[in-house]
Amino acid sequence: MSTTASLHSDPLVLVEDLHTHYGKSHILHGVSLKVGRGEVVGLLGRNGVGKSTTLKTIMGLVRPSAGTVELEGRSVTGLPAHKLARLGIGYVPEDRRIFRLLTVMENLRIGFDRHGVTEARKQALLEKVFAFFPVLAERRHQPGGTLSGGEQQMLAIARAMMLEPKIILLDEPTEGLMPRMVSQIRQIIASLHRDGVAILLVEQNVPLTLEASERVYIMEKGSVRHACAASELGVNDPVIRQYLGV
Amino acid sequence: MSTRPTTTYWIGFCVVQALLIAAPLALPEFWRRFLTEVLIWGLLAMSSDLLIGYTGMVSFGHSAFFGLGMYGAAAALLLVSPPNLWLAMGLGLIGAAAIALFVAYFSTRLRDIYFAITTLIFSQIFYVIIFTWTSVTGGENGLIFSRPPLSIPFLFSMRFTGTTLHWFVLAVVTASYLILRRVTQSPFGMVLQSIRENEARTRAIGYPVERYKIVAVMLSGLFAGLAGVLYAIQNQFAAPDFVYFLTSGDTVIFNVMGGIGTLVGPIVGAGAFQLLRELLSRLFGDQFPYLIPLGFVFILIIIFLPQGLLGFARRWLNR
Amino acid sequence: MDAVAQLFQSIPVDQILIQTINGIVTGMILALVASGLTLIFGIMEVVNFAHGELFMLGAYIGVLVLAGTGSFWIALVVASLMVALFGAALQIVTLRPLLGRDPLTTILATFGTSLILQNYALWQFGPVARKIQEPITSHFHLFYLEYPWYRLLIAVLSGAIIGAFWLFLKFGKFGIWIRATTQDRVMAQAMGIPVPWVHTATFAIGAGMAAASGVLFGPLVGVNHTMGLDWVLKAFIVVVVGGMGNLGGSILAAIFISLLEAYASIWVSPAQAIIVSFIALILTLLFRPTGLFVPTPK
């Protein structure tokens, strides 16, 4: 689990010089980052610097105008999202976006109704996810829209887990959650890490990010300005204050 | 839409005008009528362009406006004797405006797709009313009447000949074009275009979007009605067929083929369409379903030439 | 008392009952057509102007297959399948390239398609209406009428098809895919659902349903190239009144409007009876623009 080992072997996800546009606006100005196998990497920055866009581009929801995205050494730039999901990228967006009119079970099923997944494995996946999130087991036949904010966040993560992803892109999981739930998210990230799932975590919550991640990138105005190990930064570090301070 | 360089534009305008004025003197009767009709359809398409091209609202209701203009003129020409040109125009315009107001009131609060469907349905409502109210509208057979003379009270009165009618239509269409051009370039027109670009933002800035849309529909309906009046005068009959929504469909085709948002484009589109149709029927005979290849061309233009023929020509000329 | 008795006498009870049945029969077919339309809109935000023509195509293929095999049922199945496949091809060729563009372009593209199909049918089959022979020609007594069993069969079959489709949507992997795509296309993609294919499949299903309606309805009217036009109009009214994208709403609206028209036709001609549905539309637009049968959004 050491960071140096992950960096020296092939990275799981390699993003190089990514540029995106929205109409005439130039959003990403050459973002480069990498995530090693099983690594937890944080992505920090103020609102609007392009963190979510970076995740969306990796996920294939946004087409880059330049730059490459590689998954396990293979170029996946420009592939549509549904192919990337099947290749092993899970995505948990800001504001969760679970399927409100589908039941919890149906939300989860979408993830494991894949080619070549045996019934036994489906069951095992379900059990694992319900072990992680017992409250979802209780509410399995309820429509997603009836769950509380925190429960929906859990469902969003569980749903991504059903894809058995190699990496999960987590966009602001603690936004709008109560403090008690924030520590739960912390535990979930740790469990996923133990399971060997890599995580690219976008967060406004600096202490949580520094605690959970092995390395962090800091973005400003559409590109990465600073990269280092999480242990090198304290919450009150001048670097943090420079890029994230008010 | 960028404003074209002024001198080249006005030169081009004058050249085209000169050609159109000279045309009836040089062309055989059939083509002269053809050209006049192209101008009338062009006017109809232009009116629709105000909505589609500038405000971003696809309307299938123009057949109703056109039809009411036609029947309004018919009413004036049949009820009042001697038949008066200006009364016909007036009544036709009033009829069209009234319908436009009615349709506008209901439809403008709706999102684009709903708007398109409701205008379609409204034009069908009017079709059914006109078709079944035989006592007033002549039902299926329509109304026949005679062409009014060009007269200015107390000054002179002159019967229209094919050529003078052509010039009259040309004058009306040109005037309409200039008016519409002025409108689209005015602050009002700018707001319309902003509505097309981003309605939510325009509303957020504070513009009463619904009111602008209603005015746009009414203006559009007025000019469509005017086209209907001209058609009635040219052909001396009014028939429910023109109120059927397919006329609106044809109008939309002219718009797309020619290039939306250009005002001139739709006229070109109308011309191209009619010309192609004439050519196909000459090459393959009357029974040839010309709409099949035209339909394909239409779809291809939508997919590959979203700027229409005019946009394509413009890009080609700019190389 | 006399006045009441007179009032009751003037209400043609038998006619009302007959028209109720007629209304339900027509309503079920309309529901089948409208379901396809509202499904396509709900998932892809595409207003399929060619839907009436798919209905018409189905009827014509039914005519041909019936002439070839002599079996109504084979005709029904073959027509539905062929038009479904055609629909898939149509979607891939004309609608996929327009993905991401202004939704109005899809209206135009489907409109162009409807023109092509209509004129093609006119060209191939001529203006004279064709006939489809219904599979059962027996009648039963309904008041003073010999009411054909076939009409009831239509209602039952349409209901069965809609019911089967509803079950498909509710259970089954693809049903969930369709429902998820309808709710959130982006997240459906992020979850591995091949959304472009879901779109194609949905369009195909909608087309197939329209074709089935065409074959079922064929024996009641002549099959000719304009039959799609009237249905498209009514189907659109139904879809707006029922709530765009709302399957249950469309079905209720279809029956509601058909009943209204059927009752109206007791007193006015069928051509004028359609005004009733127009009024229903206007009222819906005025007071409940999201759909008469849709619970008011919070």
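A few comments on the model shown:
We call the chains A, B and C, going by the order they appear; numbering starts again at 1 in every chain.
Operating definition for what follows: a residue touches a chain if its C-beta (ideal position, glycine included) is under 8 Å from a C-beta of that chain, and two chains touch if they have at least 3 such contacts.
These numbers were taken from a predicted model, which means no experiment stands behind them.
With centres taken as mean C-alpha coordinates, the chain found closest to the middle of all protein C-alpha atoms is C. The greatest centre-to-centre gap from chain C, using C-alpha centroids, is found for A.
No other pair of chains shares as many C-beta contacts as B-C. For the pair chain B and chain C, the distance between mean C-alpha positions equals 32 Å. We define each chain's centre as the mean of its Cα atoms; on that basis chain A and chain B are separated by 54 Å.
Work out the mean CA point of chain A and of chain C, and you get 44 Å between them. Within the complex, the chain B residues that touch chain C are 52, 56, 58, 106-107, 109-110, 112-114, 116-118, 120-121, 124-125, 128-129, 131-132, 245, 249, 252-253, 256, 289, 291-292, 294-296, 298-299, 302-303, 306. Residue ranges of chain C in contact with chain A, taken from their complex: 173, 176-177, 179-180, 183-184, 186-196. Residues of chain A touching chain C in their complex: 59-61, 80-82, 85-86, 91, 93, 97-102, 106, 109-111, 113-114, 159, 163. The residues of chain C lying in touch with chain B in their complex are 41, 45, 47, 94, 97-98, 101, 103-105, 107-109, 111-113, 115-116, 118-120, 122-123, 233, 236-237, 240, 244, 269, 271-272, 274-275, 278, 281-282, 285-286, 289.
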